[in-house]
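Quick one: this structure, given as C-alpha cells, is what I'll be asking you about.
Chain nomenclature is as follows: A, B, C and D, assigned in order of appearance, with residue numbering initiated at 1 for each chain independently.
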Amino acid sequence: MNYRLLKQDINLKPFMTMPPQFNRKTIVMRTDKVYKCEIINIVELTGLEKLFHLKILDPVEREIFSFRPGQFIMLEVPGFGEVPISVSSSSNNREFIELCIRKSGRTTNMLHRAKKGAKVGIRGPFGTSFPMEEMAGNNVLLIAGGLGLAPLRAPLYWVIERRDEYRDVAVLYGTKEPEQMLFTYQYEEWEKVNHVKLLTIVEKADKDWKGRTGLITELFEEINIDPDNTYVIVCGPPVMFKFVCNHLDSLGIPMNRMFVSLERRMHCGMGKCCRCMVGSTFTCVDGPVFDYWSVLNLQEAI
Amino acid sequence: MKYLGIETEKVRIGVFDFTGCEGCELQLANKEGTLVSFLDLLEVVNFREISSERGDNYDVALVEGAISRDNEIERLKQIREKAKVLVAIGSCACFGGVNYLKNRFSMENVVNEVYGEHKVETRRVQSIGEVVKVDLEIPGCPVSKEEVERIVVDLVTGADIKFPKYPVCIECRQKLNTCVFDLGKICLGPITRAGCGAVCPSSKVGCLGCRGPAEDANYDSFRQIALDHGFTAPRIEEKLKFFNALGAALQK
Amino acid sequence: MIYKVITKSEFKKFINGLIKENQTFGPRQVDEDINGKPIYQFREVHSFDEMDLDYTVTYSSVKNFFLPFREILSRYTFQGDDWEQSLEYRVNPRVIVGLRPCDINGLAILDKIFIKGAFPSPYYLARRNNTFLIGMDHEPLEDCFCESLNHHVVRHGFNLFCSDLGDRYYLSIDSSKAFNFLKNVETTEPTKKDNEKFIARKNFIERSFKTRVEVTGLPSFLDIEFKSPIWKKWGDKCLNCGTCAMVCPTCYCYGIEESIDVSLKTSRKERFQYSCNIVDFAEVAGGHNFRPLREDRLKYRFYHHYRGFAENAEEPICVGCNRCGRACLAGINPRDVINDLRLESKDELPAT
Amino acid sequence: MKVDMNINVHHLTRVEGHGDIHIKVKKGELVESRWAVVETPRFFEAMLRGISHDMAPVLTSRICGICSISHTLTSLRAVEKAMRIEVPETARLLRLLAKHGETLQSHILHLLFLAAPDFFGTGSVIPLIKSRPEVVVLALRLKGLGNDICDLIAGRTTHPVSLVVGGVSKAPSREQLETLKETIGERIQDIRAVVGLFQTLSMPDFVRETEFVSLKGSNRYPWIGGELVSTDGVVKAEDDYLAMTNEYKEDFTTSKFAKLSRESFAVGALARFNNNYNFLHEKAKEAARIFGLTPVNHNPFMNNIAQIVECYHVMLESIDIIDRVLEDGCPESICAGYEVKAGEAIGAVEAPRGILYHHYDIDENGIITKADCVIPTTQNNANIHHDLAELVKQQIMLGKSDEDVTRLSEMLVRAYDPCISCSVH
C-alpha cells in the first residue's frame, strides 16, 4: 500500500542552471534571476537625473541580452527595490547599456548614491518597441517632454546609425526650465553630424536662456509636417502627449503612425502583477509602446 | 556593510520618554532573536531605561510619550535642538494616545479627583508634534518591533522610509482570521493603517486604531457599517477616540 | 476521464491513507459566527474526522496555497561591495481535500495566467505540480452564482473529483497518481444505475442555484457603462480594504517588497498579494495616482474580472463563488453591482 | 570619617520611569535623604471615568509597559467581580500562564538587563554582549521565553489583546501548547545557570527591619486574588485594601506614599517569598537555600534573589498549567457570556513588583463611574525612601566615599525594581 506523493522538484530542472532568456516569453525560466551588472560609468545630467552605464558581467548573459528601441528593463537594486527603466542607448551597443534615471523614490534615490563600480541587476528586456523598420523611408518626428527624452534616445540612435534609410528627422524637446534639459552635450553632434533638426523650448526661462519659451506645441509652428509620410514618437507626461497627439491628429497624421510610450506602476514586467494594467491591457507586455489609436481605445489611458 | 560603494554607519540614538507607559521603549529590547544584530546597528548614547550612559551627541532622538507638564515642554525643546532627526515613537507621542482621554475633563477636576486637596501641576495632553517639529512618526500602542527594525535598517542604509498605506484588514485576511464583525464585535481595521500584523483581530478582538488612519480611509462608510451591525453611536465614538489616532474621523 | 465508484467507508480509508503519508489540508470549522453559523477554512488535518466534508464553503479560497500571501522570490547575500542572488522553488508535496468545483475552476484560471500565459511562473508551477487535489461537489448556497458563469461543473484541473451519491462517491479520475493511489482501496466500475444517479445529481445541483447573474455580453456592456453614476454609488461604500481580493480564488494582483535583514548580511525580495482596491495600487513615484478615487478602484476590479480578463482569455476571471460578497463589510457583491448596472442601462434606453 | 556629602541623582537610570535621589550629609550627620519620584502623573483614575467596563482592562494596561498583563488581569478581576461573571476554568489557567510569562519576562529584564550591569561594573547590558556573551545569551533566551508565553496566550507581551472580560478571546492550539511546554522544559537549565551566575555575585549586606505585604495563598503561591497579609501579622480581605495601603501625599514626590503597621512597608518578590515560602515549588526552595534566603528576610537587596526563585517557580508551574489545560482538551471557546450590570468591586493581583489593586464603581450601563488604582511601586516608595536614609547612615559610619554611597543608593533603589511611571499613573 503506498500513498506517498513523490516530490516534483523544479530545482532539478535544466532551466535552473541556464540564464533566463527574456525574449522567449513562453518557456519556463527563472523569471526572477537577474543579470548582474557593474556600473562602469555615471554621468551627472541634471540635479535630478543621472546616466548610468551598465555592463552585464557574465559574457553569456551579455550575449543573450539584446533589445529594441522602446523596450525597458527591470533594474534591481538588491535590498531596496526593482524599477522599470527604458533603455536609453543604442541597440547596437553590445558592450554596455545606458539608463537615464531620475531620482524619485526609494530605489532611484539609493541608485543615485551608488558609486562607480557598484553592482546592480537587470532583467529583461520587456515590452513592445517602436516599429523602426516600418518607419524607414519616411520622415521621423520625435517629440519629448522632460524625462521623455531618455526613451527616445534608443530610436534616435537607431535612425542615426542608419541615417540614409530615413528622410527628415526632427526632435522637438521641451522642459519646464532650462536646467532640466537632458543630454545637452549631444545636441550639437545630433544637429551637425547626424543632420537631425533639433528644436527646444522651455516653459520658464532663466536669465541665461536664449532659446524659445512656451509650450511644446508651439514648436509645431516652426516645422513642416507632411502627414502622408511622417511617423511620430511622443514621450512625456500624459498631459503633454494628449495635447501633442490631438494636434498631430488635426494635421491629418494617421493614428497608427503616432506612437507613445505609457508609464504605469510596475512590479514584475511580465504581465503578472497587474499594477500597470489599463483596462484589459498590460503596459508591460502589450506596451509600453502603443500607437495612438490603441491608447484612445483604452478608457483609462489618458 | 559596504554596498553600492556606500559605507553604512551606526546611528547614534538617544531614547527619551515623556508621559507614557514606556512600553514602546521596552519593545526596543524585545524580539530577542535579533536583538544583538539590532543593537549592533546603533550607538546608544542616551537611553535612561536600560543604560547609565548619558550623552548629548545623538543624531536621532526617539521620543516616547505625550506632553502633559510644563517642564516636559522645556526638555522636549532641548532634545529637538540637539537631534538631527526627531522620531515620535508610539501612539502617545504621535497622537497623544490614551492620555488624551484626560482632555475630556478640566484639569482642576482631574487633579481633584486623583490628588484631592493636594495640588499637582498638569496640563492638557499634547502629542509631540503639537509642541515641536517631528521628522518621523512610528505609530502603534506599542510600536511593532519588526517595524522599528525595518526603519532602523533604513536609517542605517540611508533609504527612504515607507509605511503601508492600506488598512489592517488586508493583513488580517492574509492571516485567514475570521472577521471580528462576524463574531459580533466592532473593529476599526478597515480605517486603520496596517503594519502591526493585525495583532488585535488575530486574537479575535477588534482593532482600536492605534496606528492612525489608513490613507483615504472611508470614515462615512465605516460608521454606517458599524451602525448597521447594531453598535450604538457612543460605543463607536468611544472606540474611535480611544487613542486619539483617527484624527479625521473624530472631527465629526 | 476514468470513472469509479467508492463507498464512503472505503473513501475514509483512502483519505486516511493519504493523510498518513502526506501533509494534508481539508475543510475544518474554525469559528462560529454571531448567528451560530459555522465558519470553515482549509487547514492542516491529521485524520479524516478532523475534516467536515459536508461543510458549506470556506471563508477564504485555496488560492493562498498556490499564491501565498507572502512569498520570498529571491534572496541576496551581501559580501563587501558585491552580492549573490539565490533562487529556489521549494515545495513539499501535499494533498488538499474537499475543494468545490468553483475552487478548482479558480485554479484553472490561475493556471492560464501563471503557467499558460507569457512568462510561466516557476513558483506557481512548483506549487501546482506538488499538490494533489481532491474535489467534491456540493449543493449551492443561497448566494452562490457559479452556475451563471458555468463554473458549477469541473472538467479538468484536479486529480480526483467526488460526486456525492448518498452512501457512495462517484469518482472522476483525472490523473495517474489518483488512479494508482486508488488501487489501495476497493472501488467498483460504475453501473448504469450509478451513471444515472450521477447525472441526476448533476442536474439537481444545476437546478438548485437561487442566485443568477447575467454575464452575457458583459465586456462590451461594462465598456459602455464606464462613466455610469453607479460606480460612485458603490464606490462611496467601498472601504478599499482589500478584503474581497484576499478571499477571492482568482484575484492575483501583487506587489513586490525588498528588505534588508537587521544583520545587514542578507536581503529578501518578497511578493505579496495586493488588491486593486488599495489606494496606492496605481500610484507612481512622485505621488501621481492613476486611480485616485474609490470608485475608480472599485470599478477597476470589476473591469479586470468581467471585462479585462475576458478580452485576454475569453472568459471572465470570476468563478461566482461570492466569497467577496460575503466577506465585504460594506455589502458590495458582484450580483448587486452588475444588476444595478444593467438596470441603469435599461433606464438610459431611449423611451419608445 | 567623611563629614560632608551632597548627592543628587537626577533621573535614575536603568529603572522604569523618572525618580531622583537626594542625599545631604553635614558634619557626619544625615541632614536629608529623599527618594523623589518626579514622573508626570497621568491621572488614569480620571481617564477611567465614563469608559465602558470592557475598555477598562485595555486602558489600564497602558498604565505600565512592563506589567501590562498584571494591570489587565487586575482590571478584569475587578470588572468580573463587580458583574459577578464566572470565568471558565481553562481561561483562568491560561490567564495565569500569561501572567507567569510576564513575571518571567519582567524579572529577567530586571535581573539581567538592569541590575546585572551594577555587579559587572558596566553602564548597561550592551558592553556585556562582548565581555560576557554567556550572560547575555541567558538573558535573551529567558526573556524571549517569557515573551513567547505572553505572545501565545495574550496575543502580545506589551498590552495584551486576548485577555478580555469573561475569559480569553482566543485559545492556543494543542500543538502550540505542546511546543511551548517543551521549550519551557528546555529552558529550566538556563534558570539554573542564572542561579549559578548569581552565586558568583555578592549581594550587599544591608538590613533594615520592615513589614512585608502580599497576597496570601491558600494552597499555592498566590498571584490572582485572595487574602491580604503582612509579616507583622495583619490579615485583611481583598476588598479591605484601603486599610492595607493607607496612601498619603508628600510634597517632594509626585507619587503617593503608603504605610501599614510601621512608617512604611514593602511589596514585591521578597514580600511574596516571605509570606508564602511554603507554597514554592521544591526546586525553587532549593534555589533559595543556595543563597541562604529564608523567610523572613529583611535585606532589600535579596529581592533580586527572590526574583530568581520566583522565575524558577513560575517556569515549573507553567508546565503544570499547560498539562492541566491539555487534559481539559483545549476548548476553542473559553469566554463566558455575561449580562451587563451595575456593581462595585476590588481586584488584587500580584504584579511582578508587588501587589496591585484596581477598584471600580460601574453603573447599570456598564460604564465606570469611579476608579482607584494602587500600584506596587507606590507602596514601595516610602520604604525605599526610609531604606535610603538607613543605608546612608550605615555607610557614613563605614566612612564610604561619595561614589560608593551613590552607587549603593542607586543599587538599593534598583533592587526594588521600581516601576515609576506606573506608580504615578
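Here is the rule we use: a contact is a pair of C-beta atoms (placed from the backbone, for glycine too) under 8 Å apart; a residue touches a chain by one contact, two chains touch by 3 or more.
Keep in mind it's a predicted model, so treat the numbers as computed, not measured.
At the centre of the protein atoms shown, by the Cα-centroid criterion, sits B. Put simply, the chain farthest from chain C by mean CA position is D. The chain pair with the larger count of C-beta pairs in contact, out of A-B and A-C, is A-C. Centre-to-centre, using mean CA coordinates, chain A is 42 Å away from chain B. Between chain B and chain C, the centres computed from C-alpha atoms are 37 Å apart. With centres set at the average Cα position, the gap from chain B to chain D is 25 Å. Looking at chain D, one finds that none of its residues touch two or more other chains. Each of the following residues of chain C touches two or more other chains: 31, 78, 81, 83, 259-260.
Residues of chain A in contact with two or more other chains: 79-80, 105, 117-119. Against chain C, in their complex, chain A makes its touches with residues 1-8, 10-11, 15, 25-34, 36, 76, 78-82, 104-105, 108, 117-119, 121, 263-265, 267-268, 270-275, 277, 279-281, 285, 299-300. Chain B contributes residues 1-5, 8, 34, 37-38, 41, 149-150, 152-153, 156-157, 165-167, 169-170, 173-174, 176, 178-179, 181-184, 189-191, 214-218, 220-222, 224-225 to its touches with chain C in the complex. Listing the residues of chain C that touch chain A in their complex gives 17-18, 20-22, 73-74, 76, 78, 81-83, 85, 87-90, 92-95, 113-114, 117-122, 125-126, 129-130, 132, 177, 181, 184, 223, 226, 252-256, 258-260, 267, 269, 274, 276, 281-286, 290-291, 300, 303-304, 307-312.
Residues of chain D touching chain B in their complex: 11, 13-18, 40-43, 45-47, 49-52, 55, 58-59, 62-66, 68, 109, 113-114, 117, 123-126, 129, 136, 140-141, 143-144, 147, 154-159, 161-162, 164, 169-170, 249, 254, 421-422. By the touch criterion given at the top, residues 17-27, 29-30, 32-33, 35-36, 39, 44, 47-54, 68-69, 72, 97-99, 101-102, 104-105, 109-111, 113-115, 118, 120, 122, 141-142, 199-200, 202-205, 208, 235, 238, 242 of chain B touch chain D in their complex.
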